[in-house]
Amino acid sequence: MLEELKEEVCQANLDLVKEGLVIQTFGNVSGIDREKGLVVIKPSGVSYDVMKPEHMVVLELASGKVVEGNLRPSSDTPTHLVLYRAFANVGGIVHTHSLYATAWAQAKRSIPALGTTHADYWHGDIPCTRLMRPEEIAGEYEAKTGDVIVETFGNTDPMHKPSVIVASHGPFAWGKDAHDAVHNAAILEYVAKLASLSLQIVPSTGEMQSELLDKHFLRKHGPKAYYGQK
Amino acid sequence: MLEELKEEVCQANLDLVKEGLVIQTFGNVSGIDREKGLVVIKPSGVSYDVMKPEHMVVLELASGKVVEGNLRPSSDTPTHLVLYRAFANVGGIVHTHSLYATAWAQAKRSIPALGTTHADYWHGDIPCTRLMRPEEIAGEYEAKTGDVIVETFGNTDPMHKPSVIVASHGPFAWGKDAHDAVHNAAILEYVAKLASLSLQIVPSTGEMQSELLDKHFLRKHGPKAYYGQK
Amino acid sequence: MLEELKEEVCQANLDLVKEGLVIQTFGNVSGIDREKGLVVIKPSGVSYDVMKPEHMVVLELASGKVVEGNLRPSSDTPTHLVLYRAFANVGGIVHTHSLYATAWAQAKRSIPALGTTHADYWHGDIPCTRLMRPEEIAGEYEAKTGDVIVETFGNTDPMHKPSVIVASHGPFAWGKDAHDAVHNAAILEYVAKLASLSLQIVPSTGEMQSELLDKHFLRKHGPKAYYGQK
Amino acid sequence: MLEELKEEVCQANLDLVKEGLVIQTFGNVSGIDREKGLVVIKPSGVSYDVMKPEHMVVLELASGKVVEGNLRPSSDTPTHLVLYRAFANVGGIVHTHSLYATAWAQAKRSIPALGTTHADYWHGDIPCTRLMRPEEIAGEYEAKTGDVIVETFGNTDPMHKPSVIVASHGPFAWGKDAHDAVHNAAILEYVAKLASLSLQIVPSTGEMQSELLDKHFLRKHGPKAYYGQK
């Protein structure tokens, strides 16, 4: 069942390690088959050393019920499901505790757009969620984490800002598939590091010009893109 | 004598190097056999390149006397012994000069709980000891180091905060065995780095919400844990 | 056509990866054959894993027209062409988003000469360009980026300061050929990191003495150089 | 001639690379044969990839004249000679532009003793030299660099503080032989990094207690040392 997607999601999880985005068993990647309405995700607390495609867990998007797999799905699964339901174009989702993105999350501050490296991927800042309310934490915490992310985005196209910083927690990133989501999580970590270094050099560094932000984002995205091979 | 424990402790010492927690001959790991009342620890000043299980030194917990081994035990042995006597559930202890944990120790500041990565392991801040008194330094310095750690913990369950920062010195971490202690020392280093980066980004960053701290610690520890495979 | 130069430019692009100056497909290197008036540059958005000399694109310096190659040239090509036209001694040019140099660019601050490591390569600060005007960004953006760099240098000999920081963007570096340009880009990154660390240690750190700056630059460059083997 | 010492000095130069203390051709190590009054040092500007014992240059300590070797000695040779003449117990000297030690040099600030890692090697701060005078820079610059280091130490035993930070330049370290000097240069870099991180966490961090400084230095050095195997 969904052999190709399980392989892709497994590989994307292993790529998290290769990209230096996770330590220990932290972090998880999922992918979705929109036609079948099924999500494939990493099992909970399994070591990356031994992870194989057959360990991946398959769930129904609508109900969240496991339809294949002997292991429990990642404890963050409810967050992934909420995001897939709200963000219709998203094909893969990543959660990590990567160093610099998590440091921003702990600082509870959105990552401002300071340069073209950032603007090539995000059309504006990388937003930080509001603090969760005690009743959200006490209840269906992981699903509520998804709700808070969706609330943060409002009408913003999630493909124009392919990641978020969950306050006091860490980043979620996404893309058109699991591989693309990992790519965006890697760029996020680089951009988060760049921004923290710029602030260290000049603490009052402000956002880049909006004209330059638009130019770089639209040079790579949208109908007038001219970057890369056609 | 205690062949299995000596192998485990030796391996744990070598894992310190693999985890990037030590340079040169700094750092040491010990393990305990509670039934026999014997502690196994790294010898003093021996290079990691040539370290083997048979180099490990065996001591009596009660008396601190060496009962096996031709080499002198780590000069920090008296600290380990004091901790094993006071912390009845601890099965392994690690001391390192790992970079970020030691930087906090030199800054003489407890590491505040700023995010869920921290809360998954420590139920509150990672405490920094008080300065030692001149007579403590002049006397049985290494044993007094242990006493100051025990004083710092008071009635706190050491398994709810599996490490400490010794002021102007460096970290000690522990766990249910030597391997687990090294794991906690590695997470400590990551958490110490995360916290220093968050403070660099927003110098006034305060502690995370207590509800979120509780949620994450109790999700992984205690009777209601639901993280990982059962 | 220009087989040797294509090989050199391809190798220089791969060296960017080896030196840790690029992630993903960011970054590009070009080289020039002044006699023939031809420039060789990396294609746009091609992965470093599969890059070969035959992928390099050949353009006319005067017209900017592609004269060989099936792939589109790097989107930064117009910047390279403007610099080759203005800086007659330059034989190779590098653009990267390397971490520390880009952090300075985002902070919109010239890198001050703080020590002899810097002074061995730059005879003064590493200048940051002015912000680009909206009409420059909206128009021939990449060519205008080159114009702003040339404006920044004025009468300064570009070989006395073999790099620039483009505000809110990143560094360009150059040298007598493509290989030398990569070398200078690597030293730039090191010097940018050194300077940011010095400012972190002492935020008010000022420029080094001009006598020491002159001594080190002239010890390695110009008619009285005595560093290295003759 | 001095085959053993040439091999040792060559190996120590290569160890600089292995320890991550040099980039490019920066950095040099020398060793001395006190009985013969001869110094062995790295040649100037030769790549580490191809460096062999037979490339090492042999000079007379008293006159500074080359007595063996076809290559020019390191341009920093006069500094090494001045230090060997003034510091009678020193058997090996290292100069690097290692990252954190150089960042302190550029900040023109002595590295304060903040913890036991530091105190295990230096009995007090790691001093920064005064600025050199224009006439010192214009004249025999490299020899004057040595003079300023000697002036900085005054009556301090150089084996109690086995390194110095030359203002706006970088570190020199030494030891009982070339290998020991490289070891001290590596610890210096670690200690410099630790101190900069502690200052980042708590900018007002002050020196450690003098009792603890004495305890740790004397635990490893001098007649009452009890660290390591006897």
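Note that the chains are named A, B, C and D in the order they appear, and that numbering of residues resets to 1 at the start of each chain.
Keep in mind that, in the parts below, contacts are C-beta pairs under 8 Å (C-beta built on N, C-alpha and C of every residue); 3 or more make two chains touch, one makes a residue touch a chain.
Because the structure is a prediction, the values reported are computed rather than measured.
The minimal number of chain-to-chain contact steps leading from subunit B to subunit D is 1. The most distant chain from subunit C, with centres taken as the mean of CA atoms, is B. Where the sister copies subunit A and subunit C meet, the same residue numbers recur on both sides for under half of the interface positions.
Measuring from the averaged C-alpha position of subunit A to that of subunit C gives a distance of 33 Å. For the pair subunit B and subunit C, the distance between C-alpha centroids works out to 47 Å. Multi-chain contact residues, meaning those touching two or more other chains, occur in subunit C at positions 199-200.
Of all possible chain pairs, those that touch are A-B, A-C, B-D, C-D. Listed in rising order, the residues of subunit B touching subunit D in the complex are 23-26, 43-46, 71-72, 75, 97, 99-100, 102-109, 131-132, 134, 137-138, 141, 168-170, 196, 199-200.
Taken in their complex, subunit D has these residues touching subunit B: 114-117, 183, 186-187, 190, 193-195, 197-202, 205, 208-209, 211-212, 215, 219, 226-230.
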